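We call the chains A, B, C, D, E, F, G and H, going by the order they appear; numbering starts again at 1 in every chain.
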Amino acid sequence: KRQGFAEVVYGEGKTAEQIVSIVLALRARNNEILVTRVSKEKAGVILNACPEFTYNETAQIIFWKDEVESKKNKEGYIAVIAAGTSDLRVAEEAAVTAEVLGSSVHRIYDVGVAGIHRLLNHAEEIQQATVSIVVAGMEGALPSVVGGLVSHPVIAVPTSIGYGANFHGLSALLTMLNSCASGISVVNIDNGFGGGYNAVLIHQLAQKGEALKNEDTLL
Amino acid sequence: KRQGFAEVVYGEGKTAEQIVSIVLALRARNNEILVTRVSKEKAGVILNACPEFTYNETAQIIFWKDEVESKKNKEGYIAVIAAGTSDLRVAEEAAVTAEVLGSSVHRIYDVGVAGIHRLLNHAEEIQQATVSIVVAGMEGALPSVVGGLVSHPVIAVPTSIGYGANFHGLSALLTMLNSCASGISVVNIDNGFGGGYNAVLIHQLAQKGEALKNEDTLL
Amino acid sequence: KRQGFAEVVYGEGKTAEQIVSIVLALRARNNEILVTRVSKEKAGVILNACPEFTYNETAQIIFWKDEVESKKNKEGYIAVIAAGTSDLRVAEEAAVTAEVLGSSVHRIYDVGVAGIHRLLNHAEEIQQATVSIVVAGMEGALPSVVGGLVSHPVIAVPTSIGYGANFHGLSALLTMLNSCASGISVVNIDNGFGGGYNAVLIHQLAQKGEALKNEDTLL
Amino acid sequence: KRQGFAEVVYGEGKTAEQIVSIVLALRARNNEILVTRVSKEKAGVILNACPEFTYNETAQIIFWKDEVESKKNKEGYIAVIAAGTSDLRVAEEAAVTAEVLGSSVHRIYDVGVAGIHRLLNHAEEIQQATVSIVVAGMEGALPSVVGGLVSHPVIAVPTSIGYGANFHGLSALLTMLNSCASGISVVNIDNGFGGGYNAVLIHQLAQKGEALKNEDTLL
Amino acid sequence: KRQGFAEVVYGEGKTAEQIVSIVLALRARNNEILVTRVSKEKAGVILNACPEFTYNETAQIIFWKDEVESKKNKEGYIAVIAAGTSDLRVAEEAAVTAEVLGSSVHRIYDVGVAGIHRLLNHAEEIQQATVSIVVAGMEGALPSVVGGLVSHPVIAVPTSIGYGANFHGLSALLTMLNSCASGISVVNIDNGFGGGYNAVLIHQLAQKGEALKNEDTLL
Amino acid sequence: KRQGFAEVVYGEGKTAEQIVSIVLALRARNNEILVTRVSKEKAGVILNACPEFTYNETAQIIFWKDEVESKKNKEGYIAVIAAGTSDLRVAEEAAVTAEVLGSSVHRIYDVGVAGIHRLLNHAEEIQQATVSIVVAGMEGALPSVVGGLVSHPVIAVPTSIGYGANFHGLSALLTMLNSCASGISVVNIDNGFGGGYNAVLIHQLAQKGEALKNEDTLL
Amino acid sequence: KRQGFAEVVYGEGKTAEQIVSIVLALRARNNEILVTRVSKEKAGVILNACPEFTYNETAQIIFWKDEVESKKNKEGYIAVIAAGTSDLRVAEEAAVTAEVLGSSVHRIYDVGVAGIHRLLNHAEEIQQATVSIVVAGMEGALPSVVGGLVSHPVIAVPTSIGYGANFHGLSALLTMLNSCASGISVVNIDNGFGGGYNAVLIHQLAQKGEALKNEDTLL
Amino acid sequence: KRQGFAEVVYGEGKTAEQIVSIVLALRARNNEILVTRVSKEKAGVILNACPEFTYNETAQIIFWKDEVESKKNKEGYIAVIAAGTSDLRVAEEAAVTAEVLGSSVHRIYDVGVAGIHRLLNHAEEIQQATVSIVVAGMEGALPSVVGGLVSHPVIAVPTSIGYGANFHGLSALLTMLNSCASGISVVNIDNGFGGGYNAVLIHQLAQKGEALKNEDTLL
């Protein structure tokens, strides 16, 4: 196994058949398997061959987890924050990734900056999180506002949602890189997986008590 | 006179001497004269030759206004909103432009999105304005938040303040163009003058009662 | 309701079924509903379920308005100006938005800058408007010429129409942002809705006499 | 000599001393010599060494022409059209280039698109030209309007004048390339020389009667 | 009629039916009609309704010309120069445009810069032309080489042919704008029509003898 | 105080005098003060007025820390990894920021990807860190290699070091955003401060035992 | 034949029928024929007509080679190095091109920078090569690492594989151009053919002993 | 020593004093030392301290070579080809690099594509070279033409020379990457050193007879 106990496969550009054979090989050696960017059509084929897997259609993720829960990050949770319905695919890619890799997730959706009070209504829930993932397209301003509300790390995920001068996510990406709030770092456009993965790495470090040592953990 | 009673000169790239002779010619025919982008050095030379002019150093504007106050937009005010000290030159270019052209201005500075509560402390003052000018550099997210708070028109002015991936203001510009709040329109990077001018045009239209007709007014 | 009496839904990326259920929920609480970016196919499905709605195919808009006309902006009109047939979808998105939100619209189409006299033939009609929306693709020069003719605010809407070095509307967008005419502000590429919405906000402010106060009106 | 009787030297990046020695060598073999992009300082040094040369400071051009006038393009003239004072260096680079290479030039300056009537006041003078050079910065919309007024070729020269989203002339360049008027072709940003040179090539072809054959002429 | 005797319609984005009705209206008032960017499918429909029109599939142009040949540019010819088979659509758009508008055309194809001797084999034919149109994609270097060979005007037409770092024609466009050969001007990416039209305007001017005056000619 | 006990001032574009007065005001209310982007010249003036501050010239940072060490992150360390001497300013901005905010730092410099074995010689030291900051200009490949070696979070900081097609740091920025190694997130070009700040937030979370609760800590 | 004994045809945008007739004509005059960018569908048609050709589906190449092996580059081999399965099409385009043109190829795949030890396991095999072709998408960091390991020339081939901020291969391209390892040169995005061709030219030069002279060889 | 017997230092951004101490340290361990990007001022200081070094002002290179000539590449030569005087700094950086690293160089300057016959006059000298380095700014077309003339590898070096739409060398870079001639690979803008270094690696491989084995040679 490459980097840890969980194995992640990037499904884009692979056929259902290729994914099935990769996944069967991996199952022998891993406790968790995650395949991202899997369309509903491909998922049908894969689940037929691997019925113990689960498909999350919004997240476009197929995953399998064994029962051993020792790795579970027991303390705290990750907040996944997004504005509207359009960014949900990416937000769910982040959220499901984090859950499969062992973290609890609080989803706080429909809280765009143009309606700031809906976001503020969730301020406490967000501030109590160990780490936040903020997903936003169009102008991508949400991470700046969240970053100013919290004192924990914020992983910003720009999406390609929008049109015209959003230039396929460039607009949101630049916004996030230039944020004047401290404590924000950024992953690639539409990279919900990267957002979830980074957040879990941090969440893992924040486990007090009996947490596993870094090197024999998750990733 | 080009477009109305007030005459505006773009000072960038003109020598102090050129500005003096333009300004003297204009004074004969206009009630208000505004010269933007005038450095302190040039201003010294110009004020020497035209002592009745006033220089605002932060705004980098030289202006002159005669006493006839009939054009004054008596009802309401324009809110000029900016985040930090770095954007002040552009914010003041907008504010001073608006004042010289006949509007009252409320300045609401130091209210960046990374400290959302400072902005919200001013919510009522902003909502009561007839029109808002929102000036922001770096990620340029402020207009989106303001746009969500108010039901009047917002003129967004991106600035070139920042570094790295702000690409000289491109970041803030794209953010503002992609705003998911309605009621926002955008002018060129660092174009404080354009922000002030557009706001005055709107403020003028909003004058009830004895307001001058459109065609014989200000601009 | 989020921002006022009228409710606007962005139809792109939503299925007909999703739109139907959103729209039915909104009808209970709003006097006007506007859904933009609705293809002819989706419109058929929606109108079946909601027969009291109207579909404007060029504008790609579905809308519904109740009979109470008290919000109508009675004084003045908005000029919607466009060059050719290619920009009509965006121009009509602006015009229909403005009409549904309560303004009268004068359409002045087929007046590109390459045939300047056709534009000048309409000069008086344009100058009498309270506010103008100027829609242009390719080189996007029309707002500059209109801006020089009028002394009211101009909302410029760049479109993605063109090919090659227009880079999907970037060319027209940059032209409009750099306009040497004063009084022009710009919305996102192809954002006819934004053009119409901004114009109505201004038109609303310009209502003399018994106009509603800002906060209990339209948006 | 490389391409004809006139020899052109690009002065940028060459020292005054280098230019002097190039120019002395060329004088033996050419009837006309033109050096572009020569600052006032360099010009002082060069004129000292070559007193029979003339310096045009606005155009930043040094030139020398012998007395033989047989190459003169006797019929018609080239119109050089520009908006404001900021574009004059480039406009004059075009105009002086054209004059030294043997054409008559009509300068039509201060006719920006934001004041369309000033341009239209010159319509007949522009239409009578054999070819037009249109120089514009910022939004660069002037060539489209001129192109619609005339039925002769228009050479468009974008300039880097402007700020913010003009991106050093990119805005004007894209505008001109996307012009919806026919009969417009474009040269590099700030390339007044190229504008003048192309116009003379066309003007030369348009000489009726005793005009020299293409191959033994000017360039 | 807009700009002259010939009328040009841009077919892209218009249905066959729309084109038919435009064309029938124009036929009453014009001697020549040219419709560009017409696919084979649309052409079938149009020719059915307008059997006197001709379709050139490579050029994607439909045209009609009446018999009056008085406008024909009798002296000289236009050289249309292109590298490979991939650029032929654009080259033929230029060539057919020029022919319909009244010029003779010499096609010199398959002469890319990577095989310079094939180009040089045609040097004399190219040099004898009145004006050249040079069409090139990928690196777009051909106009520079041709520009160095000839002393007449060169209209450069970049194409979007290529992949990767050609960025849909940007590479060829920039190459042509930066050409170090004099006498080159540039039109939009893939704008074969613009190349042909500009060349005819120049060719027309070069008609000695009984040529029509500028204002009552072609365009 | 805005976000915690430590206060950070962005020194760029502020005069030495402005910084002195800000810093004096902050000292009354904070335990740690950090001013970034301070040139040697400005630092001289500031240290004169505030002799208890320390200046780190490479990092271009002035800071002050009181004696109370209770906030110190006692367990683990942050690795700051950089390739060559050119990136040291940014690397030290990150390292000094982290130290002032309470973390131990291991500097691992001169380990560029073109000499992979020097990096591998430090593999264990890097793997033992709680979090890594990787600073790189030019091609910016270092974070990908480090990301593959470690199982903790990596904060990647692109720098503007390089020339030509690095486009002022764009090259390194894009490289890092597209990294195929998991666990990497990115801050703005040259934002060493952001790298250090994010790393400390994570390091703080990783303190086992008696660590302060999130909300009453550092930032 | 244009440039040597082998003839290469770029299949993109040509129909199967066009390729068949080109290939039949070339066979008479050449010892090797290579057609790149041929889809499986087209390949079926072509092989039917030309059964002596071979199709490599991954490489999307059709080729034919006569039996004369005298041109074979007998000494040494070319290493083709690539990270993952996504870049295989381009890597195989390079590898098959090199083989058809007469070189031995060692394929070293699945060695991305995020798992540096897999690459290092192949260090000796790579170092023994005469020249390396390194194919990489996403961040494109692989050539820098390889360049640091070897003292022979490296041809870097960026691919368009990736999403978001990879901007269709721009990210990998810039990375490779900015490499801080010496001895790397770069070809166009996805240009596996160019990588293979350049490598063979170098491999050919490196033939000691009885190698053919440059001018009567391969290309 | 990092990669071979010769040691190369990038002088940009290092002080003369830093360079002196680096160079003194290296001299103990290397046979050849090369410092690039050294201004005349710095060179004066360095040569004072290290009088056995030589400075080439055009190339901006300081170097030292010991007497042992065994590494000299005795067979063949490298052609360095450039258009005009403006590209000489980069061309000489390439040429001097190649000479110091042990190759003979033939300089073929003043052969731009706009005067193709001057280039063709040198065709044989270029074709006889083992490898060519082609340096070009502005449109950067020269490598395509050279690539078509020769059957050996061509290293293309774009320069930032030019203005306007050359975008600091982007134009030439894209031209070279898109070349339709085979056998061309590209290095970074203005990277004369990279051009020279790559060419020497290839030249070295082409040494027949007693040439050193790859691993104990030059680099």
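Note that in this section contacts are C-beta pairs under 8 Å (C-beta built on N, C-alpha and C of every residue); 3 or more make two chains touch, one makes a residue touch a chain.
The model shown is predicted, which means the values in this text are computed figures rather than measured ones.
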{"item": "Lowest number of touching-chain links that must be crossed from chain C to chain F", "value": "2"}
{"item": "Given chain A and chain E, the chains that contact each of them", "value": "C, G"}
{"item": "Listed pair (D-E, A-C or G-H) duplicating the B-D contact set, over half by residue number", "value": "A-C"}
{"item": "Approximate Å spacing (C-alpha centroids) for the pair chain F, chain H", "value": "37"}
{"item": "Separation of chain A from chain B, taking each centre as the mean of its C-alpha atoms, in whole Å", "value": "42"}
{"item": "Where chain A and chain F are represented by their mean Cα positions, the distance between them in whole Å", "value": "26"}
{"item": "Shared interface positions of chain E, touching two or more other chains", "value": "115, 148, 164-166, 170, 173, 177-178, 182, 188-189"}
{"item": "Listing of all chain pairs that touch each other, if any do", "value": "A-B, A-C, A-F, A-G, B-C, B-D, B-F, C-D, C-E, D-E, D-H, E-G, E-H, F-G, F-H, G-H"}
{"item": "List of chain G residues in touch with chain H within their complex", "value": "3-4, 8, 127, 130-131, 148, 151-153, 155, 173, 177-178, 182-189, 194, 197-198, 201-202, 205-206, 208-209, 211, 214-215, 217-219"}
{"item": "Partner chain F, residues of chain B touching it in the complex", "value": "85-86, 115, 161, 163-166"}
{"item": "In the complex, chain H residues that touch chain F", "value": "2, 12-14, 158, 160, 168-170, 173, 188-191"}
{"item": "Touch list for chain B against partner chain A, complex", "value": "83-84, 112-116, 120, 138-141, 144-145, 147-149, 162, 164-167, 170-172, 174-182"}
